[in-house]
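Read from first to last, the chains carry the letters A, B and C; within each, the first residue is number 1.
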Amino acid sequence: MTRIRFQQSLENLKEKLLIMAGLAEQATQRAIDAYRERDLSICQQVSRGEIDINILEREIDQAALDLLAMEQPMAGDLRFILSVIKINAELERVGNAAKSISDRVRNMQKMAAVELPVNIPRMATMASEMVRKSLQSFIEADAEAARVVLTMDDAVDAMNKAAFKSLIKVMEEQSHLAPQALNALMISRALERVADHATNIAEDVIFWVQGDDVRHHKSLNLSADLKDKGETNAS
Amino acid sequence: MGVGIEVTNLDAWYGTTQALQDINLNIPANHATALIGPSGCGKSTFVRCLNRMHETNPLARVTGTVRIGDLDIYKDAKPVEIRRRVGMVFQRPNPFPTMSIYDNVAAGLKLNSYNNRHVLDEIVERSLKNSALWDEVKDDLKKKSGASLSGGQQQRLCIARALAVDPEVLLMDEPASALDPVSTSKIEDLIFQLKAQYTIVIVTHNMQQAARVAEKTGFFLNGRMVEFDSTDKIFTNPSDKRTEDYITGRFG
Amino acid sequence: MRREDNLKARIRTLIDDAATGLAVLSTVLVVAPLVAIFVYLVYKGAVSLNLNFFTHNPAPVGEAGGGMANAIVGSAILLAVGSLIGVPIGIAGGIFLAEFGRGTKLANAVRFTADVLNGVPSIVMGIAVYSLVVVPQGHFSAFSGGVALGIMMIPTVCRTTEEMLLMVPNSVREAALALGVPNWRSVLAITVKTASPGIITGCMLAFARVAGETAPLIFTAFGNVGWSEKLSEPIAALPLQIYVYALSPYEEWHRLAWAGALVLIALIVMAVSLVRYVTSRGVLKGAS
């Protein structure tokens, strides 16, 4: 088998990305734990972890750039490196979202704890499950598993929308609870972003494995339907 | 203007060795088509079947059909006639060493008894302009010999020589493999411009080059054509695993 | 370690110098006889060179003031006839061997014949042409002399032509064929033209070789004391004249023989140089 060094470099790149993935998952989990236990020390860990994530993001991008320049990758190798770069960015944003949540938790510590009509833990579980599954599909190069992740996004979106509605209602009707409601809203929003990032990762995996660009499938299909009906798409 | 090439059930032999097996291919007009594959895969043999240069080897034999435009080149014409419609540029630049630049470009016409001075002057100028060499040699056309130019210039001279007889197809067998990167870029830019007037088939072992200049690419392996598709598909997501293995360098 | 390398290096240099020395010595040994001959010829022959030598024909024995004008002209004529016969046939043969008959049995036969012809002793050649031309014609002639010389030129011209043509890279032939040039035209206009410097050298080699041949002329050209009017007459030739004079018992004729030998060598050198000069003017700058 030729190009052993190149293949080794690809393996190294993959491992680096997996470490990045681990850090992002860990950050998410910690942020959720901090929320559940209202533990500021965990927030500290999230902040420190953020630095590691940022450093690794730069390393991965640099390694990928070098491979593109030096090795002229083609076909599957090219798609792999491209998806590594994109997944890298998504994971860094997952880290950001985790930090957001952790900041909200800090903010909430200063306030009284209240019951709010929103199931943050359930959203959190779903979102982190999506992240785990999408990364699993990357490790195993399994496009079908990635497609499953795509279907889970709707549920999280729905929960976020519902949270939005009920929290707005709380803020209107019980304005003294507005600060807590706002924080909860922002946490919900952050979790919805995590789910989106997991979806993107899954799409990148599908692109890598099958050469299929499945991004924006919803809006593309929608505009196709609208065209069929004779209505123009407002852009 | 260029014409398309239609190849059907082409087999080629050197004596008892079969060099090509059942090649079927449609090369589109006014496009550049690249043929890639490992050494000995038959791509050069294939290209030489398109202008019947394969036959210069006394042991060569061909079955099947090659149509260039409407012409069945094996049934309806003689090799000499075909080669005036299908030009060829070789791997190593081969200008005629005893001839000046002018004579080199005009060789294809002069040696076919075409001698009208005025028209020859025009054709030489036009061919040299089309091969991006005019500006560099216009003052030395008859004074300098073809062999006194640099490698890249010599190759462009050979291209001009091939274009002077006004072919419809231009075959290029690894035209830039003996050249430095700057000359290579010049030749590639040239191919891009020539596409408008000619059908170009380029054999190359440099995949990046195929990717840069050709709309369609065919992958040859062991005398067969494994895959033929648009270049971007071949290089980003080929259908056949053998193509993928070759392109990514996984070949043993 | 270092001292060993030093010693090895010095031995290598020594061997290198010795080899260079041997090469120089060999060159000297090869060139020396040539130079010696030439110097001796000049020494012995120059003294007898005068205008008469180039303008007068041989005088009867005893008379002074004779020359070799007719022999000089005669040699020129014989060589011209010989070249007219030998060069075209030789080149055609070479072209056939290299371009059209490569590998065929006929080509092998032709090559073999040329080699045999090359080895035929010049006296035998003379006798052969005597039987084939002189006897049927009934008389000695310049023509038969030219035939003999011409036949002797053929093998050299043919083999050199073949070799020079084979040295033309195949890429040049392919370039011509790919332009749709018919094979015969490509051979003549391109391959032969590319090889022409070498082919011309081959012709000159053959020319220089037969220019000094004496034996084949004895029974064909035969020699002449005066001018020859027609090709069907016997004709004088410089080598022949030198031979006759050298074997004679007369002092005067010996001196003329020396002068003749000097002139013969000088003429050959001049002829070869002239051809070289003319052909080098025609070759474009930068071509091989």
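Definition applied: a contact is a pair of C-beta atoms (placed from the backbone, for glycine too) under 8 Å apart; a residue touches a chain by one contact, two chains touch by 3 or more.
Computed from a prediction, not measured in an experiment: that's the story for all the values here.
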**Asked** Looking at C-alpha means, what's the farthest chain from subunit A?
**Response** C
**Message:** Per-chain Cα mean versus the mean over all protein Cα atoms: which chain has them closest together?
**Reply:** B
**Complete:** subunit A to subunit B, mean C-alpha position gap in Å, rounds to 51
**Item:** subunit B and subunit C: spacing of chain centres that average the CA atoms, whole Å
**Value:** 46
**Message:** How many angstrom lie between the centres of subunit A and subunit C, each centre taken as the mean Cα position?
**Reply:** 92
**Request:** Write out the stretch or stretches of subunit C touching subunit B in their complex.
**Result:** 169, 171-172, 174-182, 185-186, 189-190, 193-194, 196, 283-288
**Fill in**
The residues of subunit B that touch subunit C in their complex are 51, 53, 56, 80-85, 87-88, 90, 92, 94-100, 107-108, 111-112, 143-145, 147-148, 158, 161-162, 165
**Request:** Write out the stretch or stretches of subunit A touching subunit B in their complex.
**Result:** 1-3, 6, 72-79, 211
**Message:** List the residues on subunit B that touch subunit A in their complex, please.
**Reply:** 207-208, 235-238, 243-244, 247-252
